[in-house]
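You will see subunit A twice below: alongside subunit B first, and alongside subunit C after that.
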Partner chain A sequence: MARLIATTPCAGLLPLAIGSVTVTEVDAGPVTLIAPYDGAQKATSDALKAAVGVGFPAPNRTLGQTQGKRPRIVWCGMGQAVLMGADCPDLPQAAVVDQSDAWAIVRIDGADAAAVLARLTPIDLRDSQFKRGHTARTLVAHMTVSVTRVGAQTYEVMAMRSMAGTLVHDLEQAAKNVAARAALA
Partner chain B sequence: MRLPCPICGERDRREFYYQGDAVALDRPARDAGGAAWDDYLHNRDNPAGETRDLWHHAAGCGAWIVVTRDTVTHAVSGAKLVGAKR
Partner chain C sequence: MRVIKPTGTPLTFTFDGVQYRGVEGDTLASALLANGVKLVGRSFKYHRPRGIVTAGSEEPNALVTIGTGPSQEPNVRATTVQLFNGLEARSQNAWPSLKRDAMAVNDLAAPFLSAGFYYKTFMWPKAFWEKLYEPIIRRAAGLGALSGEANSDTYEKAFAHCDVLVIGAGPAGLMAALTAGRAGADVIVADEDAVMGGRLLAETFDVDGQAGADWAADAVAELAAMPNVRLMPRTTVTGAYDQGTFGALEEVSRHVPRSDAPRECFWRITAKRSILCAGALERPIAFPNNDRPGIMMASAVRAYLNRWGVAPGKAVTIFANNDDAHRTAVDLMDAGVKVAGVIDSRADVAALGDYPLYTSGAVIGTKGRHALDSITITHAGGTRELRTDCLAMSGGWNPTVHLTCHMNGRPQWDDAIQSFVPVEGAIPGMVVAGAANGQMSTAACLQSGAQAACAVATELGLSPVADVPSAEDDPYRIEPLWQVDGKGRKWIDFQNDVHVKDIKLSAQENFRSVEHMKRYTTQGMATDQGKSSNVVALAVLADATGRGIPETGTTTFRPPYVPVSIAAMGAGSQGHGFAPKRLTTSHHASVARGAPMIEAGLWYRPSYFPHPGEATWLESCNREVGYVRNAVGVCDVSTLGKIDIQGPDAAAFLDFVYCNTFSTLKENRVRYGLMLREDGHVMDDGTTARLGADHYVMTTTTAAAGQVMTHLDWVSQALRPDLDVRFASVTEQWAQFAVAGPQARELLNSVLDDAVDGDAWPFMSCGPVSIGGVKGRLFRISFSGEHAYELAVPSRYGASLFRLLTAQAEALGGGAYGMEALNVLRIEKGFITHAEIHGRVTAFDIGFDRMVSQKKDCVGNAASRRPGLLEAERPQLVGLKAVDPKDKITAGAHLFVEGADPVSANDQGYVSSVCWSPTLGSHIGLGFVADGPNRMGEHIVAVDHVRGVRTLVEVCHPVQFDPEGERTRG
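Moving on, here comes the complex of A and B:
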């Protein structure tokens, strides 16, 4: 029988270090999409909180730890969130889908991280508008993604796994452009 | 152009897909007759002034919204979720 070797979505593509910015892949552990049924958001949130310690997040927000494989949950669209870093408990009042292998998750870290992302996404990344724990469904180049601020100069981007190569390419090019401009200054 | 998604806040037009006149939400009764259905399916106003359009926040939260804007001044005056009462 064939021996199958599991690879991460960005295997062979990351890490990158360009100028002041590093791009690394995040192994988030189990990733589960949770969509509470109509009127069941509170019940689902309570069940999640009891089982893994984080409830269901408000729109454009995340809950939980952002370092290591600890439970956290990221809002990812109308009535939807992804739970990461913990096995999903039984949630009888929600639609639940295992998406552990479906997302390419990368972190962009460094003094110019926001400048790099700003070249690719139309959202307002200013400190006053996009704070730690804030998240957005938006675009990076032409891809629909989830962008989350996880630190003062650290951002996380989730894209569909099939887009991993394109995501890394776009981030690499933007980081090179920002570094080139900094070198001129 | 920026559109105020009721869920995500003000966002770039690139994140949205235009879905036509919001009259599409006012579906006639099944037995309303040919004239009403013809009007609903095919006839659209082309106002110089306030217009109500459907937009899909396709590259955002996924919501369908009704955006009120002025075709003369380009001012966007508001947006509501479709099916908000649900």
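Moving on, here comes the complex of A and C:
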């Protein structure tokens, strides 16, 4: 019997360490898009909470652990959220779509992580505005992405899998620019 | 000449190949003046010798080129270039040299080259303009040039956010930043200079009993220590835009010899509030021959003296209409520089020190070819000549109102200071303080900066405290003086060579509106955008037209405030950075096989897979078509849009967006669907599979995937919010491969865990399969007319499955095929793509009108029944076959009846797709021809005027190969 070999979206592209910043690929485990049907957000949230311990998040918010493969859920658009790190339970009142292979997920970590992202994304990343657990659908360079703050100096970017090369290239160039600026001072 | 011993590190640099010395902290301009270099450029139109006029970004004359090779940068203002060791600068617009410029003959021809000369002279013959006149004029009148090589420097774009953006860090800006910062606001301070402090660095004023420059340094240090304040030196705010957004250009590494850092960064700063403290710019006086090297702004003379210890002359004269300029004389004398005289246009004025003062005075002439030598003045006591090598002029100050006008605000005239000042609320959230708001003393600037910050911080819910230091509060006394009569040209716009007579001519020729005058004379249209010249020009226009200045008004100030390089605005977008690349999971395998990758939207797809010995793409393509027709071919079709649709109303939703019906589709079956736009024309087509009662997966074409997704969102949110349905793109989740050809099933069964057969898997069936334990989806669909499938697996397995499928296909006498073969296969079968459904065709035009179900409503249904959209005369889809099989047909050719003149009046239609069909041994195509279905067998001429090709073709059914479809079902 044939055996198919799995390849990750950023295989051969990551990790990177530039200046004070590292960029690594995240294996989020199973990734499931959940979109509750009309009037079913609460019921879906309750069912999720009972099964995996996290409910359905408010807009621009995440719930659950941000480290490791423990269950967490990330809002990702109107009436939609992505459950990561856990198999999705049976949710009869929601559309459930497997997205485990759809996203390139990278983590940007380090003292200059926000400075690197500020080269690429128009959203306000200041501590007062974008705290740990906050998330946004926005742009990184020309790509539509989801950006989540997962730590004091740590952010996750989810981009289309097919754009992994461009994502890494753009992050690399931005990190190089930030590091070269630091060297100027 | 350096009159104060410098403390900075010595540096060397070259200007026009000559080596000079400067010191750290110098600008190129201050270093040139310190070396006694006065002639730095030639003027734009008349090639007149010009020197440094200002000490800031408003500099109209001293434009130079810095760097060499690909990083050569033209039109840089010497006044803003920070000196570094090894800097290479060159003058512009002069040949063979700056001193002996051949084009200076233009100046002799000046009587003929007045404003409007080009428009009047070179109108006829029309064709001569582009070919002859324009190139000559462009070469004669000019600025610096790029290298012609691709830019090798890095540029950057970035975003910043703050509560308060302080624009300008002079006394008002620093005070505003201190007040807002101390109150706890999140502040960004942007200043165009490398050192913050503004005029405090250039004047001898005290602040709080301390030298102004020292107070500024302390303020900057205090700000730098605040975690809530971000200082952005070398950053010019270039534009004010909607919703508190500002553009700003930062010079990141232009001031260092070599660096990997970006040269410039274009910032977009979003601020809840902004405080504009951009200061004011001194304006010149239009007196005869006021453009000689050595004639400069009085404020610039003070700046060079007080900040850089450089005296721009040995015997300096001053010509002014205000008290402020007199301080130039005092500062110079304190530094031991001779002041040959102060000429003040006012009658009632007293000297501030022991210098010759000429009241009711004016400069009526100047002498000196490459540098100022002497001036002729009139004054209360008569006329006389003064020997001087530097004339400092001041016609007063113009508040820097530019940013307040970027959202259509118009400044208003303030008679007291003889200048335009901003109106309140011109930019939402912006307060203007300091000299930019017409505050002309240091004390008033500090006070208004603090006040503005208090107002803004209070609005943000903070509790600011105004703690304003003491400073000079001298009144600003000025009497209007714009121009001085006398023999010789009185220059107004130094950069575009516009003088008083040009403006008078404009008025005389009835270009009396200030906007018309600007375009007629080109005043203010140079790279300095008339920063120094605008107000003088409109004062002269006001005089020439007998109106007041307020009635004459200003021209429109537009972004950017300073020139912004395209490289900065387009940072990161050079070459492949222009758009993201979408790569399929089979990308690397395809490239490894030597396949040329072609762009399909953002995707990259293999064009064909060359074999050794194949000389042309066509040979490879023919071979690959053969795989599919005779054995089995494998093609990555993952780029097609895949949209997962779920919900209790999923079926009803699909019935509404497709013109045909999907609620009747059985589970595990696939149907072809056609989608219309609201105007009744075809939007897209594709297949949709029913995976469960409430679960479908739709495919779209590669090109229209984004458009269809947007359309579904629109329909769901705006047209049918009553339908409970959810959809999500799963394009990226699944890697999908077409397996097509007589051996398709055999190939599949070599990889599937459970074999498929014709009974369980008829044409247009679908369902789950498993490959080595991996759950996949199989669709029995065909875009080639062969027995074919599409096999989908989660993307992580895509690369592996592609290699497996192609290896197995090769064992069966087939292999991978690319876009060229795919195109031939579909043309042979008459399958359409966006070459046919290009946006102007209807379902009727492609022969699918019966698919537009009249039993239900759908998007575009009503509009598709409009008169004119269902008529036989419309060009309709047909197949085309070359009458002589070897004759090439070209896409884009138009169709004409044999013997008819090939002009648009006789146009019968056009060719949309063409190929050489190795299967049929003929050139074939698809096209649209009027009343096509009723013209089968007719011979018609395809005429391609662009390529010069005429082909006799036969109109035939679009499906030219296997019209019964037996191979597909077999």
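Quick note on the criterion: the second predicted complex is superposed on the first by the 182 of 185 C-alpha atoms of A that agree within 3 Å, B and C clash if a C-alpha of one lies under 4 Å from a C-alpha of the other, contacts with A are read in each partner's own complex, and residues count from 1 in each chain.
As a convention for this text, a contact is a pair of C-beta atoms (placed from the backbone, for glycine too) under 8 Å apart; a residue touches a chain by one contact, two chains touch by 3 or more.
From a predicted model like this one, the values you see are computed outputs, not experimental measurements.
For subunit A, the partner that touches more of its residues is C, with subunit B and subunit C as the two candidates.
After overlaying the two complexes on the shared chain, residue contacts for A:119 are found with subunit C alone; subunit B is out of touch.
Of the two partner chains placed around the shared chain by superposition, subunit B is the only one that A:137 touches, whereas subunit C remains out of contact. In the superposition on chain A, contact is made by A:38 with both subunit B and subunit C.
When the two structures are aligned on the shared chain, A:161 is found in touch with subunit C, with no touch to subunit B.
Of the two partner chains placed by the overlay, neither subunit B nor subunit C lies in contact with A:20. Across the two superposed structures, the residue set of subunit A contacted by subunit B and also by subunit C is 38, 80, 122-123. The touching residues of subunit A, when paired with subunit C in their complex, are 1-9, 33, 35, 37-38, 79-80, 94-103, 118-119, 121-126, 128-129, 141-143, 160-167, 170, 173-174, 176-177, 180-181, 183-184.
Residues 7-9, 11-12, 14-15, 58-63, 86 of subunit B are the ones that touch subunit A when the two sit in their complex.
Within the complex, the subunit C residues that touch subunit A are 154, 156-161, 186, 252-253, 256, 259-262, 268, 270, 572, 579-585, 602-603, 644, 646-648, 724, 726-734, 751, 753, 771-774, 793-801, 804.
Interface of subunit A with subunit B (complex): residues 38, 59-60, 77-78, 80, 122-123, 136-139, 144.
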